[in-house]
Amino acid sequence: MFAISDNDISVDALREQLMDPGAGGLCVFEGWVRNENEGRTVERLEYEVYEPLAVSEGEKVIAEAREQFPHLQACCVHRSGLLEIGDCAVWVGVAAPHRDEAFKACRYIIDQIKVRLPIWKKEHYLDGDTGWVNCERCANV
Amino acid sequence: MFAISDNDISVDALREQLMDPGAGGLCVFEGWVRNENEGRTVERLEYEVYEPLAVSEGEKVIAEAREQFPHLQACCVHRSGLLEIGDCAVWVGVAAPHRDEAFKACRYIIDQIKVRLPIWKKEHYLDGDTGWVNCERCANV
Amino acid sequence: MKTITVRYFAMFREHAGLGEETLQLDVATALDVFEQTRSRHASTEPSGHCKVAINDEMAEWTSSVNDGDTVLLFPPVAGG
Amino acid sequence: MKTITVRYFAMFREHAGLGEETLQLDVATALDVFEQTRSRHASTEPSGHCKVAINDEMAEWTSSVNDGDTVLLFPPVAGG
């Protein structure tokens, strides 16, 4: 299951959704909004998401993880909109019979999500400036 | 911080304890009591812990992780006593500036905890039998 | 000439000053659309760092575009 | 002869029928203690799979034991 959320991610509800008497382990990754990026103080952050394709590509990533590591339950929610420092921007959870596949599948999902989904991050800095992350060159024209 | 707990692990409180505005990611591993092990139906599980040494060895494992991956916050709680299917037996959380060190440190901690700490697991099977996990040979004498 | 609807996202949208426009373009591939609208999305970013979708399906730069297609131009992504 | 307090855990405790006993033993190392009490903890488990602590510090099988020491015998662990 992959979803985009405009509101705070309900960490507890997601964790409970993965509970399974046959699962021996859960690996979770949460991405948090940091107060700093490349030496600049970040005040808040804005995610722009193109939801139709973010969801279909997110579901594809989870399906790929399940192909590589059978018998796992996986779930991911990514925020859109305005986030404050410390907010959870993305939550990935994988429950599996053994910890090795839980760790590997969780890592696979977050790694792919970061590079494949149509999601853009705009940082709002303390000095009032803003910048699109990963887009230094296009920002310079 | 490493601790042994006789009661349900307070997952939310542990997660909050690791929150840090400089952390960009949290990796959590939870070990859950499975309903099955090596083909036998498990009804419940009992952890015996020699607490003084489990705690000092657990703290040592966390210190080793912090040496390998600086700037991380890490925390682990392991249950003792009687556990039911689905209960959380161990919780490991690592918050770090970047996800790579969060995943690696979390994996390091759980791997070491499983093999180094004086903790023993007794499975209670559906058929009334019990067995110490990892102790097949000593059980057979 | 083909009628192509082009959608701009994030930085590209801000530079174009609009999210979407329908243009008459002499194009064969998604890359042609990217290059012919480059001045609007004010990008010197190589296409290799960007992504493209056609009619809400992820596509390749070499994918062909047909009359009536909607081409979505994505600047470098940054999820997570 | 040395006065050694031996503590048994988990399976070892169940087989010994007690958690702790103080014995007079002719021993030099932790391994000697393990072997001389083997019948009590009913183990054919090689020492390599087990662990030992002396006076609440993790130790090696080759560690020497002194008069008055407490030796903790740990069957194979299974945390997590």
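The letters A, B, C and D name the chains in turn, as written, and every chain counts its residues from 1.
Following the convention adopted for this analysis, contacts are C-beta pairs under 8 Å (C-beta built on N, C-alpha and C of every residue); 3 or more make two chains touch, one makes a residue touch a chain.
These numbers were taken from a predicted model, which means no experiment stands behind them.
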{"item": "Identity of the chain that, by mean CA position, is farthest from chain B", "value": "C"}
{"item": "Rounded Å distance, chain A centre to chain B centre (Cα mean)", "value": "25"}
{"item": "For chain A paired with chain D, centre-to-centre distance based on mean C-alpha positions, whole Å", "value": "49"}
{"item": "Centre distance in Å when chain C and chain D are each reduced to the mean of their C-alpha atoms", "value": "72"}
{"item": "Shared interface positions of chain B, touching two or more other chains", "value": "31, 99, 110"}
{"item": "Touching two or more other chains - residues of chain D", "value": "80"}
{"item": "Set of all touching chain pairs, with the criterion as stated earlier", "value": "A-B, A-C, B-D"}
{"item": "Residues of chain D touching chain B in the complex", "value": "9-12, 15, 41-45, 49, 51, 53, 56, 58, 72, 74-80"}
{"item": "Chain B partner contacts - residues on chain A that touch it in the complex", "value": "11-12, 15, 19, 21-32, 34-36, 85-86, 95, 97, 99, 102-103, 106-107, 110"}
{"item": "Touching residues (chain side chain A, partner chain C) in the complex", "value": "31, 48, 50, 52-54, 56-57, 78, 89-90, 110, 113-122, 132-135, 137-141"}
